[in-house]
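Note that subunit A is present in both complexes that follow, paired respectively with subunit B and with subunit C.
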Partner chain A sequence: MTTELLLQLLVSGLGMGFIFALIAVGLALIYGMMGIVNFAHGEFLMISMYATYYAFSLGHLDPVLTLPLVAAAMFVLGVFVYYVLVRRVINGSMHAQIFATFGLMIFLQAAAQFFFGADYYAVTGSLLSGVVLLGSVTLPMPQISAAIGATLTTLALYVVMFHTAPGRSLRAVSQDRIAALTLGVNADRMNALAWGLSAACVGIAGSLLANFYYVFPRVGGVFVLVAYVAVALGGFGSVGGALFGGLIIGVLQVLAGFYLPSTLKFVPVYLLYLVIVLVRPTGLLGRQ
Partner chain B sequence: MTNRLIATVHSSQFGARSWLMPTIVFASLTALVLLPFGLNGRPFELRLFTIIFLNAAMGQAWNILGGYAGQTSIGHAIFFGLGAYTSTLAGLELGLNPWLGAVLAMLVSALAGVLLGFPCFRLKGHYFVIATLVIAESIFLVFTEWNAVGAAIGLEIPIRPSSWLNFQFGRDKTPYYWIALAFATLVTVFVARLSSHRLGFILKAIRDDESAARSLGYSLQRYKTIAIAFSAGLIGFAGTFYAQYVLLIDPPTVLGAPISIAIALIPILGGIGTVSGPLLGAVVLTTLSEYSRAYFSGSGRNVDLMIYGALIMAIAAYRPAGLVSLFRRVRGLNAPESVPVDATAPAVPVTPTAAPAFERTAADPILCVRSVSRRFGGLQALDQVSFQVMRHEILGIVGPNGAGKSTLFGVMCGDIRPDSGSVKLEGMPLLGERSDTLARRGIVRTFQTPRPFLSMSFEENILVAALVRITDRREARREARARLAQVGLLDCADRPALGASTGQRKRLDIARALATNPTILLLDEPLGGVDPGSIPGVIELLQAIRAQGTTIVVIEHNLEALSGLADRLIAMALGTKIAEGAPADVMQDRRLVHAYLGAEVHAAA
Partner chain C sequence: MREQHKRSITRWGQFCSTALSALLIATGFALVPPSEAAEVVKIGAIYPLSGQVAKSGEDTLNAIKLAVDVINGKYPDSGLPFAKPGGLPKLGGAKIELIAVDHQGKPEIGAAEAERLITQEKVVALIGTFFSSVAASVGQVAERNEVPFITGESEATPLTERGYKWLFRTTPSSRTQAKDFFVFLRDLNAQHGQKIQSIALVHENTLWGQEFGQSITGYAAEFPEFKIVADISYQQGTTDVTSEVQRLIAAKPDVVFHASYDAEAILFARTYKQFNFTPQGVMAIGAAFGSSAFRDALKDDAKYYLVREHWARDLAGKSPLIESVGRLYLNAYNKPMDGTPARAFQAMMVLADAINRAGSTDAKAIQKALQETNLPPSSLIMPWEGVQFDAKGQNTKTRGIFIQTLANGPATVWPTDLAQAKLVWPRSGPR
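The block that comes next holds the complex of A and B.
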């Protein structure tokens, strides 16, 4: 393998990795807050990709413009899902928690198939298409924008979490729910906020991803499984860890795709999940 | 919500045992056997019923692992697919008869289950669910690429002359109906028997509380492995059946994630951990999907899945115990409030406590703890602690919070591994043994906060413990009732443990540990949370237990009560043993007073 090829793989791997990271960050946020894995997270991604696609093909709105709108709409969807569904199982058994979001996953996927059909769609010729040549390395614009978008989103999330009052309350609830309650934090509202932020993150990921990946009803399944691995890699519930995990996986799957048939490129990623949860359940960054 | 789930699961163990149930079952089975003659070759209905039976059987099989053992798998397509591929490949490559292929398929699937469980049963909750998802997806992807198994194109089932012997019937699909019906019936009977069998009780105990089940001597890994072997093996047969039924298999139709989801949804919708749940779930889900397919043509445009999804959400939010809970009286919640037995029952009618039945000799150590140390980060929780437990004594361990009592307790019952030092039971080293092994060797603990198996009745709680050493159900039942009587809870035998008061739970915990017939009973604050009026009763009970020949080590904060109970006390502070001896001496010990009250108070006194 030449240095240039390696560099090329690294760049495209990191581009994808930022998308994985952004999806994983949303998952980790919710897991850290309330110990719930959102199995419908991939379907949130799918919805935002369809939104971006239809805005582009029907409304002739460029993904760059729709991105904030999609993020805002997804925030509302996340809050809605929290109040209508998640809130009812938050004190329930783990079974009930798993099946609630699992049911949502099945429902959204089937609904997408019903309304949009099983065909694959793609956004072509948006502002974010094309490539940039940097020396001998080709940098596809969509991937570059994904990297920039994911970085900015994570930074924004960081600012919200660590430098605003709601962010502090959010972290208080995630660290000690009862103590936060006694201090007058409205845990319910904080949970809703977490679901909103989580969905907004995945909405941004969907908008960016739609520039270089096909949209179809099951698209979420592929990404969300990988996002689970990223979350496990970073330590369940750690937002920073999820970002880091996403990047590692981005590179890993590109390298695996180079050596294996491309359909099998995620198999090493899945195996990595098993290794991590069995050998180092606190994740790469977590403390033992 | 947890309570609602557990309450309903509980009620399922007590089906109507009158003549009515068998009659209904027999009549409906007869009707189902004869139904194909009435259908007169209508293919849609014939297929609908065949798939219902197949799904019911798979739902029951999933339930063994997911419902009874409590391990939620969203990867059962692995076993379905392996079953389909095994018999088909055995037919193609070796010319093996499909029935023999089915047996092979069951073995291969069961083995796959065991291999999957070996690493994954260590994972809890979501970690396990996601592990099954990623493993199933990996296997799906590998089969899609693997040319030896037909890759994405799949395999055609070798055509044989139509006959029952060949598991193939040409155009006539009726025999598949009967095979599926027989399969569903057998699996249902098997699971129903299992749920009242020793293994079923153990699995339910593990589902309810893994630590408590382990503390009684049950190896979690072993029983979960047995559960997945049965579950996967039965699904393997379903895979072979499906291959013979459709005659063409490829990765999406037998290994895809939707298969895993469909298998899990059946019992989830109907009712997890119940026998009737998967039957109900299979009828509802299969009818939904077959009719929506017929109505919307093709894959039904996934209308069935939309309704599934909505149903599952509704079930999770409003009826986590599944559809069966709509038809059953919810036992746990409708049961009468637990009577405060602590106040009403006479204090422990047991064997006389006056004279110990065993001669105690000072020089008969049964458990030797030598130079045990354990550090947690910067905290030296135990520092070179040594002592001996004498046979048939009651040894009390006291000390203020943070003295290291709980760590010491953890070391003795196998939950915490010390950094150095040794623990010997009758001269045999124990270190490194897990708590279930220690329990089987006679060291059994109770919990500071009692941990009854909440889906079971009082009696069943004890029964599970008795089944550790007594395999005969009737004898185990006698033992369970005897232990309940010993702790004064016999009149609550059939009540759900869910409704037990704190005092009752404490006694239940002790009775459960006793039913394993321990050599040494380790009690973690048996008086904590017990109202003062009931304390003499508990003390009397513990003395009676010792009188029967059980050695007792007890950690307790209530110094006054303990000094009246224990033969000897060990006082601890800051991870070290500071005093040991007769209660009166230890209680007077300056170091203990110092540790509890601080130097100044002591000086002032």
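The block that comes next holds the complex of A and C.
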């Protein structure tokens, strides 16, 4: 066991962790605002990956260039989904909320399979492909960019949430909806904003992910399950916690995959999750 | 409120009954004329049409649909069996009706669908199921209901080791295929002066992959010149394989044996490139490392992977049937045929041949005809020595080839008597 190998595993784990984190941040944002779990979150990821892929293969636009466009388009989609679907169930029972986003998930998956087929597509030779060698440690470009992208996105989200007027209103609604309403905050618009930001985050994740992962109609499920765990691990509704949870999972699964039989690589992740749920049910950084 | 609710239910009921009667009238009219109506032979096809391997399921089912179209006379000039004049001659030219269902990759859904096809749709035989785990559960249902079940691509050895009387398999089992890997390497060492000693094994952890792993380790004693230096089993549907590849790099094998489905094949190949992992050769069972999806996704990096295959379009020179079926598939579905669809096509033709020889849709008669099957190589689209089942229902006349993706696409490179291009070994170094 050499130091280089350990370093390599840590770096690779962090790279994946940042991707998980970016997906989880969007989930945590919506849950923190409305207490709704968006089951279609993975499908938002899938759509943004398809958008990136088609922009690349048909329009010859590199994922780096389309990233802001995809993020913007996903923002619009998020807002649209809020107004068309989520707003109608927001005061309904929890079952109605679950069925609404779960139904959206199935609809989007089936639509993707109908329009794009079940084939696997991948972006090849983008600006963000290839590797950087740091001594004997290999840093894959897509994962470096994911790390930078995730950090910047989370920072941007932090600035929006804590240093802008809409961000203050967002937090006000998430802390006490009624009080915020009496103070003249348009809660509806804030919810829409949260959905837009959440979809934009996952849009950025999709754009970065498309540089090295293939896209197919069910790709969302592969990643979003891990993102749920990241959210629960970090603390429901805590954006910082989701980022932290994603990173822990990324590193843990790579280390476990190396030292344990690789079919067991997620066992330590879920074990840690169980321990945290038992010892600290709010998650690592969650509030009461 | 309640009153209103009730009324709307009545109205709904009215609508339903009107629609239903309209439907009945419509179908009634449709059923009147068929005077020349020969009997229709119903066959149930069970494939994964949604979920992780939906793409492969669709491609495979398409081949079966093509076979049914050929049998039903849609391509009279193709030169394939039954193509002219179409239909099964010994059943008065009866056409085949294919009922395709989705098992979602889940054994329990496969079993439920098989049950439904047999009891409600009254199919005379089943074909499927891509996944060996699903074939196992469908096989049980077929056995219990005494309905013939043929599989052209589910490879797990135990399927034909359970003494079933209604299960027939045209494709070689994974154990038979595993042996070819060693034979190939031994041949390479002897004929081409290579010095291959260490092997790493990478396989997914459903029945198919597990079984391949066991077969390979089982043959190790028979081929003592090779040493297995790593045995890595991974979870299907994984997000990344960095840790698996790091273990491979640490083990430094000369050759890697792979059992992976499409998605992970792409992921592994990309990760190999990222970490510059360049063994002398990567050899895979199943089509994933040479499939069109793999080649599209990896472009130049798809080159030089070796796939233990059953079929290749470049064998067209060896048989006009291969040329014909390859062209039909490309025209019908706008993508080239792979080995797995080819095997499924062959299985459907074998089943049709048996039903025809049985001269009836009686299950026992079809079973007997399948047991007596003895097809010569000239009637096959596979480069086999024939189709003949042993007492376990396993075709004993199969033969394997190795295909390598070269600059102009996949080419048969082994065995020598079938080779269409020169093998590239070792894979070219870092690119």
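In the analysis below, the second predicted complex is superposed on the first by the 265 of 288 C-alpha atoms of A that agree within 3 Å, B and C clash if a C-alpha of one lies under 4 Å from a C-alpha of the other, contacts with A are read in each partner's own complex, and residues count from 1 in each chain.
Keep in mind that, in the parts below, a contact is a pair of C-beta atoms (placed from the backbone, for glycine too) under 8 Å apart; a residue touches a chain by one contact, two chains touch by 3 or more.
The structure displayed is predicted, hence computed values, not measured ones.
Looking at the shared chain after the overlay, A:132 reaches neither subunit B nor subunit C. By the document's definition of touching, of the two partners only subunit B reaches A:104; subunit C does not.
Of the two partner chains placed by the overlay, only subunit B lies in contact with A:91; subunit C stays clear of it. Using the contact criterion defined above for the overlaid structures, shared-chain residue A:72 touches neither subunit B nor subunit C, since it reaches no partner. Of the two partner chains placed by superposition, subunit B and subunit C are both touched by A:113. In the superposition on chain A, A:261 contacts both subunit B and subunit C.
Applying the stated contact rule after C-alpha superposition, one finds that A:148 touches neither subunit B nor subunit C. Once the two complexes are laid over each other on the shared chain, residue contacts for A:223 go to subunit C alone; subunit B is not touched. When the two complexes are overlaid on their common chain A, residue A:121 makes contact with subunit C while staying clear of subunit B. Residue overlap on subunit A between its contacts with subunit B in one complex and with subunit C in the other: 113, 261, 263, 266. Across the complex, subunit A meets subunit C through its residues 5, 8-9, 12-13, 16, 20, 113, 117-122, 124-125, 131, 138, 140, 212-214, 216-218, 222-223, 226, 253-258, 261-263, 265-266.
Here subunit B touches subunit A in the complex through residues 1-2, 5, 72, 74, 119-120, 122-123, 125-127, 129-131, 133-135, 137-138, 141-142, 144-145, 257, 261, 268, 272, 301-306, 308-318, 320, going by the rule given at the top.
Across the complex, subunit A is touched by residues 50-52, 54-55, 57-58, 205, 232-235, 237-244, 246-247, 250, 262-263, 266-267, 270, 274-276, 293, 296-299, 301 of subunit C.
The touching residues of subunit A, when paired with subunit B in their complex, are 37, 85, 88-89, 91-100, 102-111, 113-114, 221, 225, 228-229, 232, 236, 261, 263-264, 266-267, 270-271, 273-274, 277-278, 281.
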